[in-house]
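Okay, so chain A shows up in both of these, paired with chain B first and chain C after.
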Partner chain A sequence: MAKPEHEITWKELNVGCVIDEPGNAAAYRTGDWRSQRPVYNKDRCIRCGTCYIFCPDMAIKILADGYIEHDLYYCKGCGICVEECPTDAITMVDEEE
Partner chain B sequence: MDKNLDRLNVYASRLISQKEYFVPGHRACQGCAEALALRLVAKALGRNNVIASATGCMEIVSSPLPLTSWNVPWIHVAFENAAAVASGIEAGLKVLMRKGRIPPKRINVMAMAGDGGTSDIGLQALSGAMERGHDFIYVCFDNEAYMNTGIQRSSSTPFGASTTTSPAGSVVPGQTTWKKNMPEIAVAHNIPYVATACSSYPFDLMEKVKKAAAIEGPAYIHILSVCPTGWRLPPQMAIHAGRLAVETGMFPLYEVEQGRYHLNIDLSELRPIEEYLKIQGRFRHLTPEMIEQIQQRVGEEYEKLKKKVRMTNEGQE
Partner chain C sequence: MATRVGMEVSIAAAEAVKQANVDVIAAYPITPQTHIVEHLSEVVNNGELDAEFIPVESEHSAMSVCTGSSAAGARSFTCTSSQGLALMSEIVYITSSLRLPILMLLANRSLSGPLSIWNDHTDVMSIRDCGWIQVFVENGQEVYDHVFIGYRVAEDRNVLLPFMVNLDGFVLTHVIEPIEFLDQEIVDRYLPPYQPKYSLHPDHPVTMGAFATPALYTETKKAQTESLTEAMPYVLKAWQEFGDMTGRYYHPVETYKTEGAKVVLVTQGSLSETATLAIDSLQGAGEPVGLVKIRLWRPFPFEEFKEAVAGADLVVVMDRAISYGGPGGPLASEIRSALYAQEKRPRIVNFIAGIAGRDVAPEDFVHMIQQAQERPGEWYELYGVRE
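After this line comes the complex of A and B, so read on.
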């Protein structure tokens, strides 16, 4: 995305509102929505990938060694990964300014 | 049973492709299991896939102009005609291949809509497309109301649920009609494949989508998609709620392949329906009598389904 969306006028849109840049919404930071943040405890993780498969925001990455990493750029703080992790390796903490 | 029972193998999540075709940065609410279902469907279908989407939450959250969450060709169409547009795409691709304008290969065509877009307003287009026998997949993301416009009841809203157009009050206790059986309507078209799925069972869901894509002709998949916002549910409970819907028999997971029924999770004993209802604000007002009424109905419907499984499999073992 070249410009922030609020600066784009109709003159710059493609005919038929075609978006010709696949997946450009990935530039949008949904992490701003969060009021709580997941904290990962690697020592408890059994590398099952359950958190990865259930995250509705694709905010969990499985690393080469099988451990995971949260992507706080996208994480909306829903808490699903915390709830679904079989070993309680993730906990939620409040976001502070 | 441990809480994540769908795991065919605890580590199965690590065996699937990490590639996403529905990318992050989408604007679904926190904990939206409809967005999760969509992610899983897109993942299962992969790259050679063209999608026609009716309006609804999943259209709005994935295409705020000039942004798109899609890594595959995707078109937003009107509320009522996703299946008609998908029919046109399928026919068009066929012609282009026949004329040698594009190389022949298997390109999957999918139509998607919410429950309002499927069981109410898009039903005619869907019925036509199934009857004409187009080679496409139709996926209904059933969050049990018109969520995108603010939780209005649809014909897929369950009995008793409070929505903004079936509010629970002192006279009327929420939705007064029973949920329309949309998968059964698809089955009545004698199409080769019909399945129900839920994002709380991700591997089952992806298997079904892959199967639907491989089959020639129309395939219909009905996905129960937990909507924390409309169901008045804490977002972290979305996956748990979907699991309870299946385990209580409220939303059985089954497939109908060439007319033969198969229960994917065959429960000998259903969990009490109350476990599912009590965690959701939309059912908070239900009286014990109404819960009993729902329990009875769920039991009957489940028995009916099991009977169909037995009937369509007799002598075929």
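After this line comes the complex of A and C, so read on.
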């Protein structure tokens, strides 16, 4: 995976900042944008997968047993999963908490 | 053998683009650049040049098309003037940041308003910091030559930057001059096919024009400004090799009778030829006055310039654009900062002249120099303005 962007020196950039490594956007931590994070209550979850479909960052993984897991490296804290979950199994808390 | 032909400069410029065997031409006609584009559409239409001629709906699209085609590895050409440049300016900056070796001829014309179609340098000065290599030419031969030189420099793997040739609208574009044409085999030898370092191709996918966060943007700008500064030796090399081939040598800063000159006049573009007549008449009258012409505007040739004016007590700079509410003209600003750190610094006086096609005759240069000699201090004024 590519070097984290805050470590790249100007001499290491390709001519014209061309990116020649496919898929290296995966290295970008959109989780840095977050001011609130989702908290998952497995007991309320009915394994419908709605949150997984709606998450704009594909930051929700469906596990083998059908329950879900948030990937906080990418979750940018938009709260859409909270809004869409039919059973209120996800809530948002401030990052500091 | 090279042949010498009397021809309108715009047509000669278009013929050079044809000889440079470009792959894509995207341009929108605008006065006074029109004849260049018209002639190119003819040579493509009648099969003299195997290229895509894309009649875009605006200059913004012209530069966008060239950016895309150059990114795909095609030798790409456009030309414009004034408002056209203003409209395409958004993409002009992107092209240099993507390091795409596009050639643009800019037929210099004043920016509106008031609406004016005549010649000055307000258009190019509005995008001075766009990151392109920028040269000024004086006559038709220099325009013709710089089409080849431009691509040669731009496409050099050590450079990979877009190249802009500034030629004065009407006074250069629309005059008939003797042009020495190069044989095609000489052009082909000097300008081999473009071999891009990166190009858009499905077999080797790359991303061009990605975004950069604050964590990286500064590094991208450092790389970009270094690329322009570091282009200098390759510009010099291309000029040297062109000179060895044709006998026509070009330099970042060119001097005319500056030996022993205590007063130096500084000009850019085609008015430099008129200025030589003023220098001749002043030297005839025993005045130690010489002329320095700035051919290379970016990267700015600081060392060459300092050397050229080393013996002068007074530097009279003629600008053809104004920095409203600022220190005068952009050329004079540059020259002041170039000389600021010198221990012995000449007095610098700035005239803004020849705005929107107002004639500047040899007598006007004589008058400017005399005024600068008589009136002490450092100042600027709009030459010949009616009070």
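One rule holds for everything that comes next: the second predicted complex is superposed on the first by the 79 of 97 C-alpha atoms of A that agree within 3 Å, B and C clash if a C-alpha of one lies under 4 Å from a C-alpha of the other, contacts with A are read in each partner's own complex, and residues count from 1 in each chain.
Rule of thumb we're sticking to: a residue touches a chain if its C-beta (ideal position, glycine included) is under 8 Å from a C-beta of that chain, and two chains touch if they have at least 3 such contacts.
If you're wondering where the values come from, they're calculated on a predicted model, not measured in any experiment.
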{"item": "Chain B versus chain C as contact partner of A:V15, first or second or both or neither", "value": "second"}
{"item": "Partner chain in contact with A:H6 - chain B first, chain C second, else both or neither", "value": "second"}
{"item": "Which of chain B and chain C A:V93 touches, first, second, both or neither", "value": "neither"}
{"item": "Partner chain(s) touched by A:V39 [first = chain B, second = chain C, both, neither]", "value": "neither"}
{"item": "Chain B or chain C, by number of chain A residues touched", "value": "B"}
{"item": "Which superposed partner A:G77 touches (first chain B, second chain C, both, neither)", "value": "first"}
{"item": "Set intersection of chain A contacts, chain C complex versus chain B complex", "value": "5, 8, 13, 17, 19, 22"}
{"item": "Residues of chain A touching chain C in the complex", "value": "5-6, 8-11, 13-20, 22"}
{"item": "Chain C to chain A touching residues, read off their complex", "value": "97-100, 160, 197-198, 204-208, 210, 212-213, 215-216, 218-220, 222-223, 226-227"}
{"item": "Chain B partner contacts - residues on chain A that touch it in the complex", "value": "1, 5, 8, 12-13, 17, 19, 21-30, 33, 46-50, 52-59, 61-62, 66, 71, 73-74, 76-80, 82-84, 86"}
{"item": "Residue ranges of chain B touching chain A (in the complex, touch as defined)", "value": "2-4, 7, 10-14, 16, 18, 20, 23-28, 30-33, 35-36, 39, 62-72, 199, 202, 228, 234-240"}
